[in-house]
Amino acid sequence: MDAIIRVENLSKTFHTKERKKGEKKKKRVVQALKDVNLDVFVGENFGLLGPNGAGKTTLIKCLTTLLLPTSGTAWVNGFNIEEQEDSVRASLGCMLMGERGLYWKLTGRENLDYFGALYHVPRDVRAKRIDFLIDLLKLEEFAHRTVETFSSGQKMLLAFAKALINDAPILFFDEPTVTMDVPTARELRRIVRALNKEEGKTIVYTTHLMHEAEELCDRVAIIDRGEIIALGTPNALKASLVREDIVKMEGILPASVVGKIRSIPGVREVTVQAAPDGRASLAVMCENSRHLLPRIIEAATGNGASIEYIKPQDVTLEDVFITRTGRSLAVDTREVVKEGAGGGTGRG
Amino acid sequence: MAAQVAASRGFGLGRPGWRAKREVVRTVFLARIKIITRYKGAILMEALLPIVFAAMPVLLGITVAAQQGGGADPGDLFCAKTKINNLCTTNFKLYMLLGAATFTVVSLMLWLIGYWVRREQETGTLESLYLAPVRRIWVLAGVTSYAFLRAMIAFVIAIALGSLLFQVNPFNSGMGLAIVFLAIGFLPLWGLAFMFGAFIMKIKEADSVIQVLQWILAFLMGVFYPITLLPGYMQAVAGTFPPTVMTDGVRASILNISFIYQSAYGSLAVLCAMALVVPLLGYQVFEVTERRLRRKEGVGHY
Amino acid sequence: MSKKKILEFSRYPIAFVALFVQIFLIIAMFLYASLAFTPQGSDPTAGRQVGAQIVYGFVIGLFLSFTLWDIGFSIREEQTRGTLESLYLSPASKFASLLARVFAILIWVGALAVFAILFVGAVVGGLPLQNAGLALVVLVFSVSGFLGIAFIFAGVTIKLKETAQFLVSFLQFFFMIFSAQFFPFSALRQASPLIVDGVSRWLPVSYSVDVFRSVLIGQTPELGPSMEVELLIVVLFGILSPIVGYWTYNRLERGARTAGTLGEY
């Protein structure tokens, strides 16, 4: 596959000043990106995962020419981000700053018209495109009102529409579903999927929500402290994790079931908790619950068990992150949460 | 090695021609007009402000004439004190009104153009602007056109209302020349506004500094007095300032008093030279500052 | 909250210095404007009189301006930042919140006022400075009265939102002219007696300016029949205005909470 975005040894350093109570202001050097290398292929939906302060937004800002890198370079749609900025921008549709990138005293329609003109979309095309987007995103009820009267979710939808105004081949979405309600977020993800699968758009999608990345992205890069620490398809990343899973099972479970399950290769340990009413609860620790689940069920039912509840705990991309970094995805990069390395969330 | 694929750019034009650029200017201009008309009272305030500004030194002049001039006519005192090359005016009210109205034009241009970037930063739309492939110069052309229109509206209303209030008549044979000074003076103002804007982008505590810069301008322009009253070194500095030459030109044309550079031609020549140099310099300073900012912290950081 | 305000101010040294420079320039402009009318060889005493009229009126204008901006407009800033609702959710007294905003600022304004007086004094060769104690009392009651105006303005800001910015600018310039901050009322009367009798006399701020200036210069006040009457007006203004102002603010704020527009901006 051909790369439509290529990043080569991209680094970005910020020089800031900070002051702690009672102390003088000190200069501080923050390396937001360290020699980042990656390719995004044509028609790919590429996810960028990482905690706050990891460098996701810095990377996106460099690729969208908002920020100039300290060293290294990148090409977007065949154009260099420093030497051919206008051509790079003309190839992109971006939703980076959410609701903040809109003019509050203009109506929704006027905002789309304004930005359409800035993207050099011809006037007649622009009018039709705006009608199309308003219809697609169901903005009819409020597109004629000034943005200051919109709710947060409505502003995000308009910002999303703005990103599509020029029908660019490459789209950058930075946490587009934040502040949206569940149905709207779901609908937006459906549209993102359609843009990617049906129209062949290349999408770079950043999110905190693992299920979004797993649902939408062909490949995911996990970024932490300015470096790519993992890159691959969601399944490949999860499969790369060797760790113990837990399967929880409840029901009427004869004593013989425990021994049968223990004898399955890959099962490390089975713990039993019996209830007074004759029912029991098992916790099966094994290497790969996804792989072993059918055999566990067969061992239980084949020995007279009546299963009322069974729940394998899936590997998530958060588990991948925790394994690689020892921290949770939800934790700010500047703070380190001391957790057992490689423990993941599998232990119940 | 470059990315291997280049996809088409969707609806956006690959090489925007003059029509697309004109469309940008038109859209930005109209958007700004729509925005300001949705702020109740803004335009009215701008037109009333010069009248209030002018009223204060007029009343002060009346006070001084009564208390220090032994009750002499304030116009005569003003003429005697401000005579240069045997030319002076007793029409101190019109003098103050023209100074205040021109200062409003200068101030509006600086605020609307120079502060434009800062305002976009604060509202978060600057990044949206920088994400678009449009050249900044065309967006600025739209903003400048809008600023020019707003400044002219404020100037005309201020002169019209102020003339009625102070019972003065600015419409004489010198009006044409005054308009020429105003029109040429806009160009170096544009350049100054860019330098202003570059400065604003760098320092984040913009509001207080803008206020001070505004008053420095008013002081050096001689809004309420001829700059010949200032100490020599200040006169030299003030004379190199495009708004000063513009204000002086407008006043001298209408009131038939001495020009800062001895004659109308002299002052016009200096203003034309400023009109050539200052905009180019101003835009260069703006571009360099903007690029440095993008390398350092990005334009959205405020 | 005052500490927060002082801390905010100390973190912006440029803003602090800029204020002093601004005051210096505004006064310099008016002094040069008056110079444009001053005949050669005129009596320096009269020059000091003019200087005193400019600067003492300016001092009152400074306190009024900062009180309006800092109480009234800061409510607007809280609205746009989204912190107004948080402030209302906290148990802190709203009255204390409003007052705290201005207390810290009054210290800076006091410093600016002293600077302005010293500067003009240096330029004109000294200023008349009589009855400083009484002038200070007048100032205290005047500022108290300005607080009431500011409270009303703060309530209006919650309702008018961004239009409030233009309103405060308008009010500043309205008072500059009609309360004759830079010139005596006699000059305003010469321009139009109707302005003085129809407008200026009805503004409590006019009496603050007139009394403060007259007390320091040692002259008869221009508006009222006597110094005692004008002093009484200023004292009553200082006592009643904050009460009326705060009551009005509460009514307007309650209305916004009922309508659900407190957080809207």
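Lettered A, B and C in written order, each chain numbered from 1.
Here, a contact is a pair of C-beta atoms (placed from the backbone, for glycine too) under 8 Å apart; a residue touches a chain by one contact, two chains touch by 3 or more.
These numbers were taken from a predicted model, which means no experiment stands behind them.
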Based on mean C-alpha positions, I'd like to know which chain lies farthest from chain A. C
Can you name the chain whose C-alpha mean lies closest to the mean of all the C-alpha atoms? B
So the centre of each chain is just the mean of its C-alpha atoms; given that, what is the distance between chain A and chain B in Å? 48
Suppose each chain is reduced to the average of its Cα coordinates; what separation in Å results between chain B and chain C? 28
Give, as an integer number of Å, the spacing between the C-alpha centres of chain C and chain A. 54
Which positions in chain C touch two or more other chains at once? none
When you check chain B against every other chain, which residues touch at least two of them? 39
In their shared complex, chain C is touched by residues of chain B numbered 39-42, 45, 48-49, 52, 55-69, 72, 74, 77-78, 80-82, 92, 203, 205, 207-209, 211-212, 215-216, 218-219, 223-226, 229-230
Residue numbers on chain C that touch chain B, as the complex places them: 12, 14-15, 18-19, 21-22, 25-26, 28-30, 32-40, 42-43, 46-47, 49-50, 53-54, 162-163, 166-167, 169-170, 173, 176-177, 180, 182-184, 186-188, 190-191
Chain B-touching residues of chain A, taken from the complex the two chains share: 2-6, 8, 14-15, 39, 42, 61, 64-68, 70, 75-80, 86-87, 89-94, 96-97, 100-106, 110, 113-115, 117-123, 125-126, 129, 146, 162, 165-170, 202
Which chain B residues qualify as touching chain A in the complex? 1-14, 16, 20, 23-24, 26-28, 31, 34-35, 38-39, 123-125, 127-135, 139, 291, 294-300
